[in-house]
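Remarks on the structure that follows.
The letters A, B, C, D and E name the chains in turn, as written, and every chain counts its residues from 1.
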Amino acid sequence: MPVTDRVKQILANYSSDNPGTLTQIARLLNTGKLAGTGKLVILPVDQGFEHGGARSFAPNPDAYDPDYHFQLAVDAGCNAYAAPLGFLEAGAARFAGQIPLILKLNNSDSLAKMDQPISAITGSVDDALRLGCVAIGYTIYPGSGARNQMYEDLRELTAEAKSKGLAVVVWSYPRGAGISKDGELAIDVVAYGAQIAAQLGAHIIKVKPPKDFIEQSEAKKVFEKYNIPTKTLSDRIRHVVQSSFAGKRIVIFSGGEAKGNDEILAEVKGIAEGGGFGSIMGRNAFQRPRAQAIKLLHDVMEVYRKA
Amino acid sequence: MPVTDRVKQILANYSSDNPGTLTQIARLLNTGKLAGTGKLVILPVDQGFEHGGARSFAPNPDAYDPDYHFQLAVDAGCNAYAAPLGFLEAGAARFAGQIPLILKLNNSDSLAKMDQPISAITGSVDDALRLGCVAIGYTIYPGSGARNQMYEDLRELTAEAKSKGLAVVVWSYPRGAGISKDGELAIDVVAYGAQIAAQLGAHIIKVKPPKDFIEQSEAKKVFEKYNIPTKTLSDRIRHVVQSSFAGKRIVIFSGGEAKGNDEILAEVKGIAEGGGFGSIMGRNAFQRPRAQAIKLLHDVMEVYRKA
Amino acid sequence: MPVTDRVKQILANYSSDNPGTLTQIARLLNTGKLAGTGKLVILPVDQGFEHGGARSFAPNPDAYDPDYHFQLAVDAGCNAYAAPLGFLEAGAARFAGQIPLILKLNNSDSLAKMDQPISAITGSVDDALRLGCVAIGYTIYPGSGARNQMYEDLRELTAEAKSKGLAVVVWSYPRGAGISKDGELAIDVVAYGAQIAAQLGAHIIKVKPPKDFIEQSEAKKVFEKYNIPTKTLSDRIRHVVQSSFAGKRIVIFSGGEAKGNDEILAEVKGIAEGGGFGSIMGRNAFQRPRAQAIKLLHDVMEVYRKA
Amino acid sequence: MPVTDRVKQILANYSSDNPGTLTQIARLLNTGKLAGTGKLVILPVDQGFEHGGARSFAPNPDAYDPDYHFQLAVDAGCNAYAAPLGFLEAGAARFAGQIPLILKLNNSDSLAKMDQPISAITGSVDDALRLGCVAIGYTIYPGSGARNQMYEDLRELTAEAKSKGLAVVVWSYPRGAGISKDGELAIDVVAYGAQIAAQLGAHIIKVKPPKDFIEQSEAKKVFEKYNIPTKTLSDRIRHVVQSSFAGKRIVIFSGGEAKGNDEILAEVKGIAEGGGFGSIMGRNAFQRPRAQAIKLLHDVMEVYRKA
Amino acid sequence: MPVTDRVKQILANYSSDNPGTLTQIARLLNTGKLAGTGKLVILPVDQGFEHGGARSFAPNPDAYDPDYHFQLAVDAGCNAYAAPLGFLEAGAARFAGQIPLILKLNNSDSLAKMDQPISAITGSVDDALRLGCVAIGYTIYPGSGARNQMYEDLRELTAEAKSKGLAVVVWSYPRGAGISKDGELAIDVVAYGAQIAAQLGAHIIKVKPPKDFIEQSEAKKVFEKYNIPTKTLSDRIRHVVQSSFAGKRIVIFSGGEAKGNDEILAEVKGIAEGGGFGSIMGRNAFQRPRAQAIKLLHDVMEVYRKA
């Protein structure tokens, strides 16, 4: 498993981490069709928890089966597969050694109405070890009144994961009383969410592709004064990457709701041109028929490989 | 590393602390261009967390890179560099031994609307040890309805830090339902904030330079009855130093929002004349181009050296 | 240090305590000008935390310096000096062995508006041990809606302090939604506060001298039916002492706001005649010039000695 | 990283293990030139500890440098590199992700004369995690009077390693008062040693290639009665594999002292024909000049690949 | 405190360590007259424990006073001062920040006759933290029958020290039943002792300068076969450095018994020429009159500076 110069360069950005954690990051970067390029495409499947079975899997009923997703990630040549405890437990033994796993440690369902958005902690660092994962995953909602609880829980999980040689992936999704609904995708807010995740010690940050819109008036002044370009998606991605410690933290982008291939590939092209490290693509993968999904994922990987 | 008489005098004020903690305070006072003078200039960079990337770093985009700040603190001859977990982890191995580090253990972002101002705990004393820090940093908001939570969290962190031979720096920023917006900078309130931090066991206290204004009517009576002078900045600094255990606790002053060199140097002169121990200067340093920032920090240090 | 019969008699009231705790109570009773008499005068200085520096120390600016209070307590021949963490840490090493110390474990400032009065816990039993204290101090506000939190926190601290051979001093100051402002000093309320502190396991109880006024109607009926005298201060003190387990718990009285010498000595005479164990006198001591403060404290001690 | 049928078959033998441990075994089997074949060649370098620097590295002085061995294992396409704490710490960060690591948790030097042979525990399971290892390694000396101490220490380490998702490699080297010097290589003794390691819960067992000689008279009777063939090396390997749970535990063979290429390859052929899973080859690798070592290791791998 | 290229090069050899430990190693290398050169001269004073007061301090009675040694190390410009708990506690507060400290965690006296040489553990990692030390020190006696106890105790102390951001210095002094008295200084034995310390995870290794003599017959064969030169001291030092991971671990040499200046400087020259990192010089420093000791230490440092 020789490591490319690009991967070594990325690992050097995590020089305060122990060799165990570095090894896991290297495994992520050394797997799949994008191995060695420093780019990543990850398959996440937490939609069952977040939206229920039918809303998630009815478009492609094979996807009700947890094994389906392991096999899809392997066959498509993804860098990793991320899911909650139940989905990982259902296949981790059978697929041992076939694909790096990320255990999503907190999850939210859409049955409860929470005063302030906050997910439940549904797994542990020790679960990640016994399931053979390379990383833990955790979602924060900056903007929520329950922010402190989330940041503090993450702090403890992060410290434990790092001491046990695991990597930490943070989904940073600003939402809550402090932010308008549209503002959740505003460029200032998304970039701020990435900065917060980085400051909290994340190795890999996942955000949504931002829109050309500024939520906070204080931020607006700065974007205007310093002419920070936000018109094209690549402009905005470039700003998010910059806001992730000048590209010294891996930042990847979610695919969002299901949409057409062309739209997806155009978006991915924008991400790649802006210097994004890759995509984490769930519904747009597993809700398509298997052959189409693999074709699409390969096309996405090709965009990143050529970037 | 011989220690000057002035530094010995200051260390004598902390005679209940163990030699480990005394060693860290000595390291702080023995580093940089002000080494041995008993004065300090510290570079703090928590603005990325507090205000987001663009508002913090767009004026000087090199500052998006965490390494930038380590190097700036080293090259400017600061006594220490203070930042949240993510920023310190990004460079602590590479810059090991080059600059004393302070791990900011709690942080707040400006996306959420909190009922009562209170920061999230985002690091631990053990993080400070593994990153090689000389001190932990913690922000309290006296005046907040969440005061007890903050004081009690600080109490535990302080006890642990002291037992493990670290120093404790407390940012004391009165705010919240108990205080008017203007009152946050009132001389009675700022001096009271310093007193509270000292009583909570802080070794080093950071407050904002106070304004000539008294918030609390009970305090007003006393200031008038005893003719406590508050007209000039030095008058007010002198009162804050007195309120910090008659100068037996190190108290330093933040630079606040970015402003012009002359204004800054005039303010620093006032702080120095009033007996302040130094400045903690973030945005006024890293938002300037590097050469200008170093020049300004050197000028500031000169003011303190001559005081 | 032979122990007088009176001190032995008092210690016998605490016979369920371990010898460590008994030793600390004996040290308190065997120190200073009142050593061996079973009476106490304690110097408490938590006003800096409670009211800020200027309101506390401007009348006698030497008192900004933490060393001042240690020396005052020693020179005046007090039984002990009580203060929050910061003030004790500032001098405990320098004054080691010169005066029994009481670490005030909770404190409140007057910047925040709390829904229900409750102090923050700002120190620990282990802090008291490492600083060489004879006792911990803790303030309860019976009448506050946050009562349970305070009683339960105290319970844990008391259990820990007793198991580690320390004594427990409880400041019992009824206040909060359950009591009128005047009622805080009503004889029924003050005596009830003392009873609660005793029931919570305090070794030493501190209350304010009560006024001739009954707050609770149910109490009024009883005071009238049984002709409980409340007209003179000694009458009321006698009732408070009775309510403190028939005098089997040490109960001492605060001096309250600064006032004239004659007024103070008259009040102390009333306390002494009513069987009070002594005074805890802060502002009336440290806000006077040092010589006057020592003179006054000596006069107060003389009243108790003659009682 | 698709997994071959042979690897799946092997993993099925460990179906009581958690997915984490299965993942590590799969990683071992999926690395290097023998990836997917179910065969392994591992580079072990504990000779520095066991025999000192000169005896280990003077034949090829580049091997004094810890980085040398990481690079050799990578370039030769080994399945893993095994070494004590110091050697792994020296390069684990630099070579993160390039080669599976096995932390040898106990080691012996040849300076002390021990009453009963027993190695010292020189690393921990947590060390293995922070260094990013796939397995711990541990040496037992069946036949030693200190047997129970070793088996019991191993039991604790094994339980901890398995719960944390690591694999366990046991070096089983019968020696001590219970066995003659020659007997250490007797076929009955070596096969018995493999059985003990398997019964102790080892995932991978390392023994020495046995000689055609029977140590224990009780064993001799049985070998004769049941005509167990021991004449050729493959005969004896076949018996050792059988004794390792009928081949359901991976058993590999050490190369022993440095010798000529032909001799080595003949021996490896015998091991492969007898069904051995592979070789663990230290001195015969790193004591040769690098190019020769890589050539030899490739030749050895070819033998296994063709088996 | 900028760090020289040579120091950065050395720190890179410890890349698996956390930034805290790297910071302590940098502090050691950045202190005193040899700061930045990558060379070290350390003052160790454990002779009082090892040989008693008179044998240690009668030649220079000022040295009975613990403060004497702190001041000597500071004034001579040493990199560090190493001593047992009592000596460090006696001065650590007074000399806080003046000289890096190493707490010797195990010590032996010469009153008891031990069956197998082994020191007692007389301090803890937490002691090192509260005293402000940069490193722990520990002595092993390879060759002793109590070897396992020592290696295992060291293992636990090392793991704890590294996790808390301290460095580890190992005194490796082969002795015991496995080695002849003369053999303790044999080149094969000393080099083997250095290798063992390195494999146990030491950051800094202290051995005695070896003599031109080979103890173990197996080693003799190798030294002869590979023509390892051992005639001059530099030859032997070069071999010890090589045996310390090809110079990737810092290895320093003790001065041994008191002797004349010329003899010492000749020996130091040999150490420097052989690539040794420095000297740890106790009796030859503190048993001389202060001025002579400082002169000698400066001369020693000059030899290293010029190397």
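Keep this in mind: contacts are C-beta pairs under 8 Å (C-beta built on N, C-alpha and C of every residue); 3 or more make two chains touch, one makes a residue touch a chain.
Values in this document were obtained by computation on a predicted structure and should not be read as measured data.
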| item | value |
| --- | --- |
| Touching chain A and also chain E, the following chains | B, D |
| Fewest hops from chain A to chain C - one hop per pair of touching chains | 2 |
| Rounded Å distance, chain B centre to chain C centre (Cα mean) | 36 |
| Distance between chain centroids, defined by C-alpha means - chain C, chain D (Å) | 72 |
| Centre distance in Å when chain A and chain D are each reduced to the mean of their C-alpha atoms | 39 |
| Multi-chain contact residues (two or more partners), chain A | 15-16, 18-19, 163 |
| Chain-level touch network, classified as line, ring, star, complete or other | other |
| Pairwise chain contacts under the document criterion | A-B, A-D, A-E, B-C, B-E, D-E |
| Contact set on chain B toward chain C in their complex | 13, 15-17, 142-145, 147-148, 151-152, 155, 159, 174, 176-179, 188-189, 191-196, 198-202, 216, 218-219, 222-223, 225-226, 228, 239, 242-243, 245-246, 248-249 |
| Chain C to chain B touching residues, read off their complex | 48-49, 51-55, 57-59, 61, 64-67, 84-94, 107, 109-115, 118-124, 126-127, 131 |
| Of all residues in chain E, those that touch chain B in their complex | 1-3, 7, 11, 15, 18-27, 29-31, 74, 92-93, 96-99, 126, 129-133, 163-165 |
| Touching residues (chain side chain E, partner chain A) in the complex | 15-16, 18-19, 163 |
